[in-house]
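Structure provided below as structure tokens; questions to follow.
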């Protein structure tokens, strides 16, 4: 069943340390441009959420999930419902950053990610993101379809 | 008729100087926040286009044109098709700017604006914008409906 | 002393309910423009952090704190070090939102805010923000100067 | 001499058609993310200017011009002084776009670029950008240093 499959894929909350390797994990690299910075000389704080979203989107795409089609054909869209971000160190112009997303928990209508932003070995951002699957019409939570979940599992 | 009305409202291109006062003209005030600036210490150049769009949107709203309804009920949306911007002087954090939009020309499917950004008496931006009315489905140009035009005229 | 003054102004964490009225609280109104929305038809999630920052900035300005001068004359700048956001409901184009910031805790080098975004009576965002005072040169935390704190207290 | 070198590199304004191949030309590829779109379902018009700037910045970097060092060590920064953009067709979520910048003219304190945004064979944007070299302190135009120009020439 769906719940069981989800439980097998990632154990929510108290996932044992040794399972980490098998966890869906994705990373991508971005450059910092002028548009990302502010007059403080560093990246504007809200823009890290853009980088985090780019990473989740790239991951979905890598897993074969087409968000445009999902919306048009199935009336489904993903929306962030909660985010927690610790801004550890700032990125600056020209930095090359690596953004990661690790699937922490997938159940019912929501997906939880652990996300980081790194510059080389230096961690800049430590974050958690919770994304919900919504009906595009009503904007209400909606169970993530099983076949979509299968694609995710294959993508691990 | 539509064309005549348009010609009366604003004469395209060679509008005589003395007509300026009767021209549809709109201005609004915005504050510069951190999000608008970049590491150069000034407003990031693309963001002036946001301010210019806010002004056009406020104007449409003041004229009773609801862009959401226009799209849902009539399948029409406005899109910028051309823009020319001279960046004369930069705005900085905390500046209070006044953005203006003056209707230069309205014909068929397009509306041309003359726009400025001012800080007090100092002109920061001198711009021209051409906006087209599009069919939301096909994204093709589409004559601006007569009744919409009437609303514009009343708004002068 | 500084710590005592801070403790009097706002009690960190376990502030009694009846103190709320005397708590520094600020709100401001913003309009949702095209720039704020995304192809999902609602406000892009990272942009709520912009609205939250605008509110904090307006508040600082209302309290007489000039961030530009603070940086140039005292080498101090504020930076968000942590943020938690619950996205309860989405805002859409043309919405008028009210953003609030309530001082929860001020001690040493950090200030904690409780922030909300409302559309009429409907709460869209529930957030907490922690801001640190940094040395502009080293980007290291730095005690908030006493006189600045005095300005804050008068601003309540 | 500087002026002559500039004239050789690119002939301003009336550059003969057959010279195009030898002209400094740069292109880079970007993905369209949610952050780039608006509720109209397409890329927000101001964001194309971000893509254009990313391309110019990547090019400078490829030519060995470090904008951060330029600012810190020589008090120089580049700023866009004029832009003309024709929005031919819209990009949408997930599109992969190619942005180009071609050096049209380099003289004294300004550099002119011809820029395009393409999606496959379809041209989305046709633009011209004029960038000035400014003194970071006064924000006044300032001749582009000869050695910087040499780096540009080598980069062709």
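The chains carry the letters A, B, C and D, assigned in the order they are written, with residues numbered from 1 in each.
Note that in this section a residue touches a chain if its C-beta (ideal position, glycine included) is under 8 Å from a C-beta of that chain, and two chains touch if they have at least 3 such contacts.
Quick caveat, the model's predicted, so the values are computed rather than measured.
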| item | value |
| --- | --- |
| Type of subunit C:subunit D copy interface by residue overlap (half), same or different | same |
| Of all other chains, the one whose Cα centre sits farthest from subunit B | A |
| Distance from the mean Cα position of subunit D to that of subunit B, given in whole angstrom | 26 |
| Inter-centroid spacing, subunit D versus subunit C (mean Cα positions, whole Å) | 37 |
| Averaged-CA centre spacing for the pair subunit C and subunit B, given as whole angstrom | 32 |
| Numbers and ranges of subunit D residues touching at least 2 other chains | 34-35, 40, 42, 46, 50, 53, 92-93 |
| In the complex, subunit B residues that touch subunit D | 40, 42, 45-47, 49-50, 53, 71, 77, 79-87, 90, 136, 139 |
| Complex interface listing, subunit A residues touching subunit B | 34-35, 37-42, 44, 46, 92-93 |
| Residues of subunit B defined as touching subunit C within the complex | 31, 33-35, 50, 53-54, 57-58, 61, 66-68, 92-94 |
